[in-house]
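Each of the next two complexes has subunit A plus one more chain, namely subunit B in the first and subunit C in the second.
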Partner chain A sequence: MNKFIRVDMTTLNVTTDEVPVKYVGLGGRALTSNFVADEVKPTCHALGKNNKIIFAPGLLSGTTAPNSGRISVGAKSPLTGTIKESNSGGSFSQKMAKLGIKALVIEGMPAGDKFYIVKIDINGVTIEEAPAEILGGCGNYKAIEVLSAKYGQKVGIALAGPAGENRLPSANISFKDPDGNIRSAGRGGLGAVLGSKKVKALVIDETGAGAVPIADPEKFKAAAKVFAKALLDHPVSGQGLAAYGTDVLVNILNEAGGLPANNFTAGRIEHNDCISGETLNATITERGGDGKVSHGCHPGCVIRCSQWYPDKQGKYITSGFEYETIWGLGADAGIKDLDDIAYIDRAMDDLGIDSIETAVAIATAMEGGLLPWGDGKAVLEAVNQIYEPTPLGRILASGTSVVGKVCGLFRVPVVKDQGIPAYDPRPVKGIGLTYATTPMGADHTAGYCISGNILKVGANIDPLKKDGQIEYARAMQIGTAAVDSTGMCLFVYFGIADNPGGYQALIDMINAQYGIALTAVDVDKLGESVLKVERAFNKAAGFTNAHDRLPEFFEYEPCPPHNVVWDFTPEEIDEVYNF
Partner chain B sequence: MSEQSRKTIEVRGFLHLDAVFRKKGTIPLIMGLEDPITGIELAAKLEITLDEIEVIFVNGFVQELDYMIYPGDRIAFLPPGCPGPYRIALGFYGKNKSNESNFKIKKKE
Partner chain C sequence: MQIKVKLFATLRENREKEMMMDLVQGATPKDIIERLNIRAEEAAIIMINGRGANSDQVLEDNDTVSIFPPVGGG
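Showing the complex of A and B:
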């Protein structure tokens, strides 16, 4: 990958250069965050001309490495005001890598109101006016159909949906998956940044491109085989996720008393059976038709944690029906009907809004009296108002923090204005430290992976006690930043955390592709350096340690059934980034 | 605690054990229990093999398989397959070391 492409939307000019030397060894989140830190003014307005948005494949994207097809997108976030990296499945990353594109940057801002399509193929990049039929409230499913018909059924597409066109802070970037459905770079409002630059979509066609060059093909093949085996032998990545999806966590977190319910006023619900992964699996199996219990979000995925959820007649409703979305609507907002939740999930994909942020915002809106508790039909009607958008639609798509302010609430579950996801930080304290300190704002995926000996940090953790939690949160964030930088799906965690051979195989693949000699220590150092770069950007943007705090209500509202509060001191929280 | 719950326990099973338990009756299963019993003994009563259980929950806390269960307790059996860092955050790694299903990578031919 030797091309570094800049699309200047002020002049509608495109330049293609060699990759700057300092970025040659970087991919995924390491590349996007270093670039944003280097070129984006930290104090700029995220929707103004000085923000830049960068798309980058991972180091192994485009190869046969299993689960290597994630695309990283980086910019300053309009939701949090921090640096942001958000990643997604789909086929966009692999097509970029096959075309030899290390990064594509969109900068500047056109003067008029026209929206554009950025088309990328083997001949370069062109900028065209967007078809009128996909603008002004056209949903993503239809827009993908229109663009696929115009540019080819196999093209990759990245979209700003109706929420992105309207520059709403929860807007995501939606990616076409191999079946023409939708995956999302969900968190942080990067779809609004794309919309602010008047880019409706990026379309990529790798026709005519060769294979991604590998320095040592035999070593690569051998390492890829070991890596695939590490994933498939593991009971989580090889069996559990494929059968039940991430929604398997509903019953587990509920039993642990850590499933936030009714806008974070409880940690357990009685209707968990209505929304559990086990019920999801049984419903899809029973209904048949278009339903699929297991499905991969990008070519080369061997874990296949996604699924197609059908209606009672077996017709497809939605895919990638994730735990955090089902939790947010089902437990935090109290909607008991899985079909209602599926239709809302579909609408959020179609609108291009973050389903976690929006679900948390909906539960907050229920507490604020804007919506009736647990009413799935009313929620769908309200979410559909984002297409226009009506004032209520704008409020909901502006995220949890805005909804909390509009409703005059103190119980507003956010960190750095990003909604707290599906794990209550009072009875699951280690996750709380990650929510508080990650440069991304409250984000469970910021502390998802670990690369060293897991037992060093995980052996004696008691979820309700402080012991070991600081080390846990630190190690998880470093490991996650490293894996995000390879472009791998975070679920490779299972094959590398519990199997040292799997972790070495991941490094061996990178070394074989590039003809280099990275060690595990180097990869850990990469993770640390990414976090330091991101934190330095945030500091320059005005963030201090005082922003690394959970909302105060967690300190004085005990969470039943364990009835514990958040009790880390500011000094203890600040220790997480003492490395 | 009601008089009935002094002599019974609530039992749930997750992942594939959810379907297994549903064939035995309504979830949660309400089982009579007069005297304390270990998780291993309870698994045997329910005809669950030990390699199907990574940890058990007892009253909302992750425990080892030989943890003592008393009348009135709420129990859940969790097979290997819980994803995410939550297995660490919820304390699985300190509780599953001596299990047959302790999450070591199984050798597959």
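Showing the complex of A and C:
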């Protein structure tokens, strides 16, 4: 990957340069975060001309390494005001890598109101006016159809949906998956940044591109085989995720008393089996038709945690129907009907809006009296107002923090203005440290302490106790920052956490591809360096340790059934980043 | 003593998902796992009253035991 492309939307000029020396050894999150730290003014307005947005495949993307198709997108976040890296599946990353593109940056903004398509192929990059039919409230499913008809059925697409066009803070970037459905770089409002630059979509066609060069093909092949075996041999990455999807977590978090319910006022629900992974699996199996229990979001995925969820007639409703979305709508907002949740999930994908942030915002809006508790039909009607968008649509698409302010609430589950996802930090203390301290704002994927706190993968730490959590949250965040730089799906962690050979195979693949000799220590150092760069950006943007705190209500409202509060002191929390 | 037993994911295949079990004093989750013909490695996560537990922890009357195979997500 030797091309570094800059698209200047002020002048509509494109330049393709050699990769700057500093970025040659980086990929994915390491590249996006270093670039944003180097070139984006930390105090800029995220929707103004000085923000830049960067797309980067991971180090292993485009190769035959299993599960290496993640794309990282970075910018300053309009939701949090922090640096942001959000990654997604789909085929965009692999196509970029095959075309030899290390990164594509979009900067500046045009003067007029026109929206544009950035088209990338073997001949370079062109900027064209976006077709009128995909603008002004056209959903992502239709936009993908129109763009695929125009540019070719096999092209990759990244797009700003109606929420992104309107620069709403929860707007995501939606990526076409191999079947023409939708994956998302969900968190942090990066779709609004794309919309602010008047880029409706990026379309990529790798026709004519060769294979990604590998320095030592034999060594690579051998390591990829060991790595694939590690993933397939582990019961979670090899079988469990394919059978039940991520939604299998509903029941285990519910049993552990860590499933946030009714806007974080309890940790357990009674209707868990209305929305559980077991029910999801049974419903898809029973309905048949378009339904698929397991599905991969990008070519080369062997974990296959996604699925196609059909309606009662067997017609496709949604895919990538994730635990966090189902939790947010089903437990936190109390919607008991999985079909209602599926239609809302589809609408959120179609709008291009983060389904975690929006689900948390909906539950907060229910507490604030904007929506009736548990009413899936009313929620769908309200979410559909984001297409226009009406004032209510704008409020819901502005995230949990804004909804809490609009409703005059103190119980507003956010860190750095990003909604807290599906694991209550009071009875699952490790994840609370990640929420508090990650440079991303509340984000479970930044250091998934659920693994060692609840799932007994990689560690076995009592979730209700503080012992060992600080070191664990630190290690998980460092490791995640490294994995996010490889292009690997984070779920490979389940296959390699307790399998040193699998972890070594991951490093061996990178070494074989680039002809280098990284060690596990180097990989840790890479993770540490990414976090330090991100944190330095946030500091320059005005963030201090005082922002690394959970909302105060967690300190004085005990969470049933365990009736525990958040009890880490500020000094203890600050220890997480003492490295 | 009366123990509520809850099973999840693949452990529900050909078994009730929830049941009451009459066990002798001193019984442990291991006794439940054996009685239900669950292989030891399938019982990856055990909770007693919502708290992580080992298979040899002694149960008390009215406890709830939840048993999971290896699961993950995120």
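In the analysis below, the second predicted complex is superposed on the first by the 567 of 579 C-alpha atoms of A that agree within 3 Å, B and C clash if a C-alpha of one lies under 4 Å from a C-alpha of the other, contacts with A are read in each partner's own complex, and residues count from 1 in each chain.
We adopt the following convention: contacts are C-beta pairs under 8 Å (C-beta built on N, C-alpha and C of every residue); 3 or more make two chains touch, one makes a residue touch a chain.
All values derive from a computational prediction rather than experimental measurement.
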Combined model on subunit A: subunit C and subunit B, fit or clash: clash
Touched partner set for A:476, first subunit B, second subunit C, both or neither: first
Touching partner for A:561 - first (subunit B), second (subunit C), both, neither: both
Contacts of A:494 with subunit B and subunit C, given as first, second, both or neither: both
Which of subunit B and subunit C A:569 touches, first, second, both or neither: neither
Subunit B versus subunit C as contact partner of A:449, first or second or both or neither: first
Broader residue contact with subunit A after superposition on the shared chain, subunit B or subunit C: B
Contacts of A:235 with subunit B and subunit C, given as first, second, both or neither: both
Subunit B versus subunit C as contact partner of A:249, first or second or both or neither: both
Which superposed partner A:578 touches (first subunit B, second subunit C, both, neither): neither
Subunit B and subunit C contact sites that coincide on subunit A, given as residue numbers: 234-237, 240-241, 243-244, 246, 248-249, 251-252, 255-257, 268, 273, 277-278, 305, 448, 450, 454-455, 457, 460, 462-463, 491, 494, 561-562
Parts of subunit C lying in touch with subunit A, wherever the complex brings them together: 6, 8-10, 12, 17, 44-45, 47, 50-52, 66, 68-74
Subunit C-facing residues of subunit A, complex: 234-237, 240-241, 243-249, 251-252, 255-257, 268, 273, 277-278, 305, 323, 444-445, 448, 450-451, 454-457, 460, 462-464, 490-491, 494, 561-562
Subunit A residues touching subunit B - in the complex, by the definition given at the top: 230, 233-237, 239-241, 243-244, 246, 248-249, 251-253, 255-258, 268, 273, 276-278, 282, 305, 423, 428-431, 447-450, 454-455, 457-463, 472, 476, 491, 493-494, 498-499, 561-562
Residues of subunit B that touch subunit A when the two form their complex: 12, 14-16, 18-19, 27, 57, 60-62, 76, 78-86, 88-91, 93-94, 103-106, 108
